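In what comes next, chain A is part of two complexes: it sits with chain B in the first one and with chain C in the second one.
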Partner chain A sequence: MDTLKLQKGNLENFLQKLGEEFAVFAPVMSDGIVSFLELRPGQKSVLDFPRTHKPPKDIFYPQTEVMLRYGRDGLQSTEYKGKPIVLFGVRPCDAKSFILLERVFIEPKYKDPYWVARRNKTLIFSLACNDPLPSCFCNWLDGGPFNKTGSDIFITDIDDDYLFEPISEDGERFLSGVDILKEATEKDIKKAKNAKERAESSMEKPPKLDSLKSSLDTLWDETLWDEISLRCLGCAVCTYSCPTCYCFDIQDESRRGKGVRIRLWDSCMFPLFTKEGSGHNPRPLQKHRLRQRFMHKFNYFVEKQGEFGCVGCGRCVSLCPVNIDIRSFITSVIQTAQGRGDT
Partner chain B sequence: MSYNPYKPILSKVTSIIDETHNIKTFTLVHEEEFEFKTGQFVQFVISEVGEAPFTPSSSPYVKEKMDITIMKAGRVTNMIHTLKEGDLVGIRGPFGKGYPIEDFYGREVLILGGGVGMAPLRSLLLTLIAQKDKFKRLLLLYGAKTPGDIIYKEQFADWKRQGVEIYRTVDNGDETWKEKTGVVTVLCDDVKVGKEIAIVCGPPIMMRFGTFKLLDMGYRPENIYLSMEKNMSCGIGKCGHCALGPYFVCKDGPVFKYSEIEHLEDIWD
Partner chain C sequence: MKELVEKIRKIFSDEKLELLIGYTKGTLPLRSTPGLIESADEADKLIFDFTCCNNLAKYLVDEKKRSGNTHRIGIIAKGCDARAVVQLVMEGQFERENVVIIGVPCKGVIDPSKLRKKLNGKEIIKFKVNRDKITLFGKNFELELNKNELFSDSCLSCRYPNAVQYDYFIGEPSEPLGVRDEYASVDEFEQKLPEKRWTYFEKEYSRCIRCYACRNACPMCYCEECFVDRSTPQWIGKGNDLSDTIIFHIVRVLHTAGRCVDCGACAAACPLNIDIRMLGKRIEKEVIERFGFTPGLDFETEPAMATFKENDKEEFIM
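Up next is the complex of A and B:
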């Protein structure tokens, strides 16, 4: 199927139609920031946003979620039972993050029923980044501002229109049934190509990360962990804003025999995360916790899943209150290992 | 409906035994069918408080009830210790990999246990005893802080009758104590062994020095089995709490061969 296009003026109309069949989550201006929220009738979506503060992972994996309800009539599981979900306008880094998260949530042995229920029959419309931010580094990690990994339909903003390119079979099937779309012209395709080249060349040339995993194998006791952790406040904004962090805690809340089991995002940056019932904590210092975060993303995840557990969205870079920059950390790891002749 | 690993089943506390001043054994009768392999763990859910991971201490061949031996240590276990016979609790699991019993067939099995670490080892021991003819020799080396801290006091004699060679020590003896004194590794010097299979379970410090002692004795890293303990929560390798290097103890363990984890920097943390 060829690439199609939608006139910008028809976007609301298109989204409204989409809403008849799907629960549509799109970037919306709310409380002064852009967030992915379920579109209410008449609500406008904002597609010229640079990056949402919060990654869209919470649409499939809410920050707090009731898993079970219990009371006199027994125990009920509360999986999502709503309409299939459309995620409209996610950036390519975030679209790719779902692929990484699913290595965990739908691995063959244990599928997470709550993730599966929301993700079932979803469509992901990802939106190319015409203007990557200075903190973006998707191009370090096999991504890019026009990367199509994880996308069902790929959208490019070309001034007066949006181009819709079907990527997956589901995407193609969906687009073939939408009459509001027109076929894109050669001129449109050329515009998208130019936008891609412009966006890609606006990003700095990435360093080679081939030796990153093996470098980390040798740096367990290095002082670089002390240096970086002295600044860290342990606030965990890096993990909450990370599209690929997935750790959670399970809590039971009940009164008089009635209650709920909930899960909440948790963070390896917190001392309580690993503390055991006896009081023993295997990661008592912030440097141990920071090391765990970096090792998980750039060493352990690679070992288990074959790729880095980071998509280079840059949220942790721009939101860290003490300016810890994961990119400088990555380069210093490689340099430190090279300086010692370990790689 | 598909399987939901986060959903507990109901279970009734049918008896409670005081093992020591801070350790109790709870016998549970489940309201649904429930099976486990020795060495696997379960989440013990207590209403209004939460859940904590424990390895059952009874034989997996006994299906109609299950024992769990629990030391009072933190918030959840303090609450569990207030349970009374007849109370309902939740059980979730079983999770992780247990002991690969078939791999031990035809071989000598030495079990090195410390303190409440004897709980999962009792389940293992009962599993081995149930098919004792399949093993060349069974040895149990057990250490506790004081004679009063020894759990399953009444059961050692029976295990001995079943053919298990038993050696015991306490860190601090008293006038009644006629056996060995010292940390559990002192027992290793008393036994002549073929150094085939060794299994270690106990507090972190004992696991560490117990393993080193076994290596010194000539046990091979791939023949030493450790039951690792971390802050396991979800039980299915998702929530991240029990990460040990690239592994999640809940899913990839809790039983590991030493050779699988010896290269990890945080193995003894």
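Up next is the complex of A and C:
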């Protein structure tokens, strides 16, 4: 199927129409913060906003999720039974994050019913980044501003129009039934190609990360963890703003014979994260906790899943209150290992 | 910067410091990062300018927890950092003789969350300062602002830009940026109807994701275990229920009453630009009016919450 296009002026109409069938989530500005919210009638999405403050993972994996309700009359499931979902305008890094998260939430042995219930009903429209931000580093991690991984339909902004390119079968099926879209011309396709080249060449050349995983194998006790962890505040800005962090806690909240079991985001940065019932904490220092975060993303995840657990969105880089920059960390790991002749 | 580096190097060896807490250059334009250096040779990494927004006193407490109270530590201190150090000494967090306060003149620091708001999602690659103006350059945009527009609200009403208590002072003391009525915004807010005030707090705190960056950036939040982390028994819900979130913020602000030095580190750390300062400023006003106490100014006055005077106002006690 060919690439189609939508006049920018028709976007609101298009989304409105989508809303009749789907719960449409798109980047929305609310109190100065842009995140993926369900579009209400008449509400505008801010598609040109470079990178949402919050990652879209909370659509499939909310920060606080009721897993079940209980009372004297038994248990009630809270599985998602709502409309099918459209995620509109997800940037390529975030679209790729779903693929990584699914290695955890939909792996052959364990399927997370809460994730699956929403994810299986979702169509992802990802949106190319014509202007990657200076803190973006998707191109270090097999991604890119025009990477199509994780996308059902890939949108490119070409001045007056949006191009819609079907990527998955679901995407193709969807596009074939939309009247408002016209066929893209060769000139349009050329424009998109130029935008891609411009965007890719605007990013700095990435370092080679081939040795990152094996470098980390040898740096367990290295002083580099000290230097970085002494500055670390131990807050959860990095983990909560991360599209690929998924660790959670489960708690019961009950009152007068009824209650809920909730699942909530947790962070390996918190001392409580690994504190055991006995009071013992296997990761007593911030250094251990920080090491866990980096090892999980760049070593353990690679070991288990075959790729890095980071998509290079740059949110942690730009939001860390003390400017701990994961990019500098990556390069210093490689340099330290090389300096010792380990790789 | 050269003067700073040379003097620090000398202080490092004269005072036989084991650690110095200062700032080094960050990886992003207009950002610095805390720098903890262990020898005088590393002093040339240090900087001090309007990007140094973190309150370094926080690291003194961390360091004490890490290596006991015996280290001799130097700290580069803006007015607010120095006040926090004084308050921490008064609270018995570490010995006065184990900390060397090196005052630096502060002319205001940039609040990263204000910068983010101005840039509306974009990022800069460089900037240029021309007196009171700053020009920000991005990949394909340019934005000229008054520096004041990026400064922390705390700086804009700061009375003590220079360390009041110090062992060394490097540079010429700064003038305050212009203390207007520092409680004007609190007073104005208080005039509003309760519903309006509630709507405001609801709007602000409903954005909170409970990342605790505000608490962890705060030099006064040093409890061994914060009440939100208590699990035996658990004190409050841990999800993002608004009432739990607001309880966290209210208790934090009450717990820092008469101790908060209004450094603005909490607001600067918040990734969601929440107005954390309003409640704290209101409490600060209360403490000044009732007890005439401003934390962190000297090593003699007993902190407001640690003392009792016969003439303390107590009409609020039923």
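Keep this in mind: the second predicted complex is superposed on the first by the 343 of 343 C-alpha atoms of A that agree within 3 Å, B and C clash if a C-alpha of one lies under 4 Å from a C-alpha of the other, contacts with A are read in each partner's own complex, and residues count from 1 in each chain.
Methods note: a contact is a pair of C-beta atoms (placed from the backbone, for glycine too) under 8 Å apart; a residue touches a chain by one contact, two chains touch by 3 or more.
Keep in mind the model is a prediction, meaning the values are calculated, not measured.
A.B. asks: Could you tell me if A:Q338 is touching chain B, chain C, both of them or neither one (first, second, both, neither)?
C.D. replies: neither
A.B. asks: Going by the contact rule set out at the top, does A:D325 touch chain B (first), chain C (second), both, or neither?
C.D. replies: In the superposition, A:D325 touches chain C alone.
A.B. asks: After superposition on the shared chain, which partner residues are touched by A:F105: those of chain B (first), chain C (second), both, or neither?
C.D. replies: first
A.B. asks: Based on the superposed arrangement, let me know which partner A:I262 touches: chain B (first), chain C (second), both, or neither?
C.D. replies: A:I262 contacts chain C only, not chain B.
A.B. asks: Taking the superposition on A as described, I'd like to know which of chain B and chain C A:Q251 touches: first, second, both or neither.
C.D. replies: both
A.B. asks: Could you look at A:V34 and tell me whether it touches chain B, chain C, both or neither (first, second, both, neither)?
C.D. replies: Only chain C is touched by A:V34; chain B is not.
A.B. asks: Share the list of chain A residues that count as touching for chain B in one structure and for chain C in the other.
C.D. replies: 249, 251
A.B. asks: Of all residues in chain A, which touch chain B in the complex?
C.D. replies: The touching residues are 67-68, 75, 77, 104-105, 107, 109-113, 220-221, 246-252, 254-255, 257, 259, 261, 263, 266, 268, 273-280, 282-283, 288, 292, 296, 299-300, 303-304.
A.B. asks: Looking at the complex, which residues from chain B come into contact with chain A?
C.D. replies: Spelled out, the residues of chain B in touch with chain A are 1-8, 45, 47-52, 73-77, 204, 229-231, 233-234, 236-241, 243, 245-246, 251, 265-266, 269.
A.B. asks: Per the contact definition, I'd like the list of chain A residues that touch chain C in the complex.
C.D. replies: Going through chain A, the ones touching chain C are 31-34, 49-51, 53-54, 63-64, 131, 133-135, 202, 227, 230-231, 233-237, 240-241, 249, 251, 253, 262, 264, 267, 270-272, 285, 317-319, 321-325, 327-328.
A.B. asks: Looking at the complex, which residues from chain C come into contact with chain A?
C.D. replies: My answer: residues 26-28, 31-36, 54, 58-59, 62, 66, 112, 116-117, 120-125, 138-140, 203-204, 207, 209-213, 215-217, 229, 231, 234, 237-241, 268-269, 271-273.
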